[in-house]
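Chain nomenclature is as follows: A, B, C, D, E and F, assigned in order of appearance, with residue numbering initiated at 1 for each chain independently.
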Amino acid sequence: MSLKAFKRALWVYHLNTGSCNGCDIEILAVLTPRYDVERFGIMLVGSPRHADVLLVTGPVVKQMVPRVKRIYEQTPDPKLVMVVGNCGIEGGVFYESYNLAGPVDQIIPVDVYVPGCPPRPEAIIHSVVMAWVKLEKAEQGVS
Amino acid sequence: MELLTPEKIIDSFKTALGDSFIDAKIYQCEVAVKKNKFRSLWVEVKKSAFRDAVDHICHLQQYPHLAIISSSDLGAEVELIYHFTIYYGHHLEELSLGLRVKLPKSDLKIPTITDLIPGALFTERETQEMMGVEVVGIPDKRRLFLPEDFPEGAYPWRKDEKGPPNDMLRVLPGREPK
Amino acid sequence: MTLEETKKATYTIPVGPIHPALKEPIRLALSVDGEEIVDVDIFAGQVHRGIEWLGMNRNNPIQSIYLAERICGICNICHPFAFVMAVEHAAGITPPARAEYIRTITAEMERIHSHLLWAGIAAHEIGFDTIFYLAWRVREEIMDLIEYVTGNRITKAMFQIGGVRRDITEEQFPRIRQSLDYYKSLFGQLKRVFLDDRTIRMRTKNVGVLKREDALKLLTVGPTARASGVPKDVRQDQPYAAYADLDIKAMTPDMVSGTVVGDVYDRIIVRLLEVKQAIEIIEQCLEKMPPGPILAQPKTAVLLKTLTQAEGEGIGRAEAPRGEVIHYVRLEAGQSTLATWKVRAPTYVNLMAVPTILKGMQIADVPIAFASIDPCMSCTNRIVVTDRAVGRKSVVGYEELHRLSVEKTKELPR
Amino acid sequence: MNLLGENIWINGVIIIVGSAVLVFIGGVFGMLYRGIDRKLVAHMQGRVGPPIVQPFRDVQKLLMKESIIPDGAVSWLFTAAPFICLITSALLLLYIPLFGLQALLGGFGDALLIVYLLILPSLAFAVGGFASSSPYATVGAQREMVVLMSYEFPLAVAIVSLGWRIGHVTTQLTPPANPFMFSTIAEYPIWSLVGPLGIIGSLILVFTLLVVTSGKGAKVPFDVAEAETELAGGILVEYSGRNLCLFYLADIIKAFAMSSLVVALFIPYNLSPLVGIGTPVLAGIVDGLFFLVKVFAVMFISMSVIRTAMARFKISQVSWVYIIAMTLISLVGLILIAVDLMV
Amino acid sequence: MDTLITHSSILIIAIPLVTAFLIPLVGMTSKKARNALVIVSLAFVAFLVFALAKDIAINGIHIYTLGATSPDLTTPTGFMAPVRIILEVDGMSILMGIIWSIVSLAAAIFSFSHIASETGQNRFYTLLLLMVTGGFGMMFTGDLFNLFVFLEIASISGAALIAFRTKFADTQEGGFKYIVVSAIASLMVLFAIGLLYAQYNSLNIGALAQVIQYTTPDKIALALLLIAFTMKAGMVPLHLWFPDAYSVAPASITGMLVITSHACMYAAFRVCFTLYGGMLGTSVVGWILIIFGLLSMFVGVTMAVFQKDVMRFMSYHAISQLGYMWVGVGVGLAVLGNPALLATYGRDAISGGIFHILNHAMYKPLLFFTGGALFYCTGTRDLTKMGGLAHKMKWTTILYIIGTLSISGIPPLNGFSSKILIYESVYQFHPILTITGIIVSILTLASFTKAFHSAFMGAELPEYKEVKEVPRSMIIAMVILAAGIIFITLFPALIVNWIINPAADALINQGAYINAVTGATP
Amino acid sequence: MKMFEAARTILKQLFLNPATNKFPAKYAPASTIQFLNSVTKGELKMIPPVPVPSKFRGKIALNKERCTGCRLCIEVCPTKAIEFIPEEKKVKIFVSRCCFCAQCVEICPPKVLSMTEEFLLATYDKYADELVIVDSGGLPGSVERKEPDTGAAEKPAEQS
């Protein structure tokens, strides 16, 4: 199975698990004319069923755990998970609380981390490049 | 509507509440270059006269703005401050008015004011779930922020044994707890 | 969602919870009859992070500035702004005047970015993606400016108790003015696009009406209140920082349209006017900026000590793009952490108006009507996952998921 | 209508092979046009936009993805709907003249058949939505039905008016020609039959059809059934992988077919007679290219520009636009043509 | 065989009649035997109908004179006009006969399970067969008075069948309404017959047609006949009783009632084309049929949208569909006096209308049967109470879809073939007719999809956990009709050439009918 | 004419250059690995991201040698991103926890911390070596990094 087309047509579902919105607006910014990731075939979709990539932000509060898992399940294979922002990666400023279950990689497997608080839009694009490299390596590994 | 000075407001509280009026203070500072004044007014009343005090505020302005109820765990008692702002809509005239009531931990009850100020509902619900203060007569008893499965009888803002149970506290992996 | 809910006549459509209204995402349960909304219930706290608790359990108030900043990534000037003011009042610190001006400038820059962001999202909500792109493209200018002035696009980290952390120097003024001129030249076009366009009018006029009475009763703040004709604006009523030196007037829609309806369209007007107002405020600030230090106590370590010894309480109020932010702080002597910290975000109160706004509307109006109070931003649509039992075969159980995730964390294709 | 013609086998083989080729070519061009459309829209929005081959990549990717069937769904319908949707969309290509040639099955159906055939993909689409049993998909499917109903009003008026006017000429012929046949329409283009009033009337009908095309293509402002911000993808919420891909393809083909229909009805001209190219091969190539240009023009106006320049309507506004406004406008067109006939 | 065919027309009427009276006897012995008897007799009747159809296709109009030495001896010596009871079967009548035989057979099979839980089943089948008799009689008779008699037979048995399920209160009301309407219609028919008889001393249609003058009493008679038949057929604005009666009958009977509507429609056509025919030189009557037909289409479909009761919902659609036939045939009637127009589109319009009768007779009973199946399984006719049934009733769902596609005229199904025939002819009369037709069929589709969603789609409902697919006999009955749909779908040209066009010609060609009965060489 | 305002604007836009900054390449390369290799080899040029201003706060850097181990940075860090290494009396910093507030930079008495301009940090491993700062050496722009020379050489507004 070739991942060639897959990697150049990544549809993204954005999932906020309790972030501060900072990362979320930068994710949106990535779609806008200045950065325009649609040129890479990336689209934001409204349903995880259509998604290839889950963009997760936020430190995962307890209420969100089942939802995060369900969305992960609803996303058809093959899929990638990218965590945007340090609070999703390691909790960031929210590292200690009575209502946290994160970080994200404690709940679902994560492929690419995008550190930053929030990362610049280019950093998010860079993470896409990293994802491509990962996919290409996986493909080489298979063949 | 007549705009009273802070001092006059304190006087009007005294006349309206009589004995139930406990204390009041005015905080004032000067801002920026023109040194205009930023003032806030803090009034403390007895719990019994709490509703009268709110009623009185409603007479100072028809729709006083209730910003939030803050609550502090002072050890033996819980202090609630109802943060009002009045006289808004007038340049430089607005006042922040904190209405302070102290509740002994043995009797954590406060009457609702949603009948006077419908918008007080959210903050009353929050106070109820976060501090464990029972708001008597609140029209919507549900929790506001805390999840369904949050343990009964635990209140995040309490600093005593009723605070969030230790096993709930979670320090994300990689950091030691404080 | 249970079965009854999927069932005919009136059924319930869940909106949320992956949505950060308030300080936290939110879930709305809409009871719908056909396409009409008959009832709305709000479930807040879907991603309650316990920020106030965190703040009360941190080592010192300086750390809490950054917590306050992350209450929300959009208004991350106004929360620290209100927070530091509250701490300053509690500890009796007076920031230098220059710092007040710099604070004001950043706050107004944020207002521009936030309103443009909102404009884009609002357009997106009504499916007008071109305007979304236009607004966000125009917004990049202010983002660049913010990055230029503060060092980061989103989280600005400008505030320090007793002042600001970075100066705005004379050399930087031209660059700032250049951006402001850009916006001034563009304002006419923005106004035409938003106020004259056919489809936008069709989707926003008489949609999501909030009457003045209701606005007052439900304690709404910010553009939501002002669009309903309540001239409430902290910058005007109880001015703080450099606003006290300027003469600010609360913007109401009648300034453009002559009447106040309180619908989504009016909220657009108010926000547009405020963009213009913000530009003017920044210009005035640049003009009047006094010289002097930018911190009351430049040594952070000393500041920490002062704060540990301070005792008192204070309230800080700031007019965020979405409305008034209030922080209450109580400090106890000998204790470095905050004794009490209470935050009131504007959406907190505005949200109470949502049922009033939505009732009687169509499903199609929900995104735009809800977005019009600007609950941070609106991903009312980010809702797919309902609690309904469509969970299908669970591909992987929790245990396995956990294992998988741990493995993946380790497996490193280098 | 005579399917039982002689040479049934030869005809059958020709038809089957021809259909496959045609659908393939139509699909490829459809995707290409979708790519161009996305590119142009992006440029109009000040962006670079995806490469033109992007739709091919999307399709390829969707095909390799897992297709999940949700628990609550009526699974056989849920899986059948995308197939039906694609097949019926592809069917359109067989009945509409493409590339300046006759329609492959042109002898078996005419413009009125197309009016009905156009319903099928939308119907399959809606059924798929109903079968997903998700509230969003259900609302989406209901909206799809409303939209379908709404634009069928002006569509019917436009096509029947056209046929009626052409029929005034062609039914007098011996033997009379069916004015709804595309071959007849091409032979007697409406513009050559009518006077100035009729030209205005016909222009109005063209306008109607363009707006209908926009709705048919389910693009903003008429994309209420999928409304991403309201319904999170609407009908398609529960679809994934191959099934989603089929819908995606069907949508692309439908848009292409719809634009070709407008071309076939109102711009049935070929370039080769005009510039006087005699050799059939060359003429074919020229006409084919000219056809692509015409379709492009229709698509650009009815889809790219409209969807860039407008906000999404509410469902009530969609039905208002079509049922009231567009229907009245198209009736005005009909009246003008009728008046033109009298004077 | 020849003898059989010679007598087939009377046998077709007689066999059900005889069987009807045998049923109580056989029914006492065994249920199975009775069911077998019903099937066998109806199947045999169907066989006869097809045989007769073939004969007519080859030899032209079939005449049968009761009591005459030779069945085709219509005019006894010494009489100028036929006096005996004459059956006259032409292309149009036999088309109706074919329909009636198929639907009644399917209805009977459907009833076996559908009615199984009711008491008085013998009575049910007796009535059913009587109704079959009445129907055939109406279609085959060549005599106005006999038409009246058979109409009465069909009406009374129909009313009794509607009210058959006495355990539901609304059935009584429905049956009552039906009988009242029938009685009024009968009275009007009887009065009209009186008017005609008084003038011309004859009741044989052919004979009358030959001599009719179109005097004022004739006009009154025409109006009365038309009102009576259109009322019984449920044309707007005389449709109000229609859903009330149709929705409460057992579904199998509703299916048959649809055909009795067609029979009344047929009677109206006969009156217009064959009886008055060339007399109606102006297009007034045609226009009346067209306008009320359009009204029926629109009112029917818009009323249907609001119905929650699945059977009422379908009844309104029946009204709407009947409108197509009125319009199609009406256009033909309107241009009957103009041979040129008749040739360019009039005949096609009539063919379309008639073809639509055939198609409607397939999909509408099918849809009523699926409605009955839903009722059978859920015990309710309320669409809003149903849901998620596709999970359980796959066959019913598929059959419903076939019916829906067909009624909405979705290509390539049969409903489309007839509609397109109508559209492509009537637009030349007036483009609005075609536009309305298309729009109504879209509305039809929309409302059927809505009902489809309410009943079949969505998650499974807990209250229908136990629901199973309906019994096999009901499925078979529905499949018979679906097979009819598919057959027509596959070979529309065949059907049009062999059945529909002859029927249309039979209507247009008044002379042939007259000649057949008066014996003059055409 | 107002109604056509939008259409005119967008049609005009059709012929203008898009506002997009094409980092790192206009379209997705067929093979990213090859693309990156060619970039390292200098055969291809990567289109650079929007330049960062001088005050930009990117990945943190630490001059380990001069760290005194005073722990003030730990005291003030809001994310617990800084860990003390007791054996060496030095600190290490986890970039994947940091919130880039630079508060530690400000408080550090010997000024051995600084924020660099590096922000393309995406990674497969959040504890990768480059994201755990132990020593960045005598970093360009650590102590040496001057207060921003403001105003000079700032990029002008990028868009029309």
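Following the convention adopted for this analysis, contacts are C-beta pairs under 8 Å (C-beta built on N, C-alpha and C of every residue); 3 or more make two chains touch, one makes a residue touch a chain.
Everything numeric here is computed off the predicted structure, so don't read it as measured data.
*Asks:* Go through D-F and A-C and name the pair with more C-beta contacts between its chains.
*Replies:* More contacting C-beta pairs are found at A-C.
*Asks:* Could you work out which chain's C-alpha centre is the most distant one from the centre of chain A?
*Replies:* Centre of mass proxy via C-alpha means gives E as farthest from chain A.
*Asks:* Find the most central chain, measuring centrality by the gap between its CA centroid and the centroid of all protein CA atoms shown.
*Replies:* D
*Asks:* Could you put a whole-Å number on the gap between the CA centroids of chain A and chain D?
*Replies:* Averaging C-alpha atoms per chain gives centres 37 Å apart.
*Asks:* Based only on mean CA positions, could you tell me how far chain B sits from chain D in angstrom?
*Replies:* 63
*Asks:* In whole angstrom, how far does the Cα centroid of chain A sit from the Cα centroid of chain F?
*Replies:* The separation of the two C-alpha centroids amounts to 20 Å.
*Asks:* Can you list the chain F residues in contact with two or more other chains?
*Replies:* 6, 10, 18-20, 22, 26-27, 50, 52, 78-80, 94, 97, 99-100, 124-126, 158-159
*Asks:* In chain E, which residues are in touch with two or more of the other chains?
*Replies:* 458-459
*Asks:* Which positions in chain C touch two or more other chains at once?
*Replies:* 6, 24, 45, 48, 50, 53, 57, 59, 66-67, 70, 130, 133, 137, 140, 155, 197, 381-382, 384, 391-392, 409, 413
*Asks:* Under the touch definition given earlier, write down the residues of chain F that touch chain A in their complex.
*Replies:* Counting only chain F, the residues touching chain A are 18-24, 26-28, 30-33, 36, 49-50, 52, 78-80, 94-100, 119-126, 131, 158-159.
*Asks:* Taking the touch rule as given, give the residues of chain A at its contact with chain C in the complex, in rising order.
*Replies:* Against chain C, the touching part of chain A is residues 14-26, 28-29, 32-34, 46-49, 58-59, 61, 63-64, 67, 69-74, 87, 92-94, 96-100, 105-111, 117-118, 120, 134, 137-138, 141.
*Asks:* Would you pull the chain C residues touching chain A in the complex into a rising list?
*Replies:* By the definition above, chain C touches chain A via 17-20, 24-25, 45-51, 53-54, 57, 66-67, 70-74, 76, 117, 120-121, 132-133, 136-137, 139-140, 143, 153-155, 376-377, 379, 381-382, 384-385, 391-392, 394-396, 398, 401-402, 404-409, 413.
*Asks:* Contact residues on chain C for chain D in the complex?
*Replies:* 1, 5-6, 11, 13, 35, 123-131, 133-134, 137, 197, 199-200, 202-203, 362-367, 380-384, 386, 388-393
*Asks:* Over in the complex, which chain F residues touch chain C? Could you list them?
*Replies:* The touching residues are 2-3, 5-6, 9-10, 19, 50, 52-53, 55-57, 72, 75-79, 99-103, 106-107, 109, 115, 124-126, 128, 150-152, 154-159.
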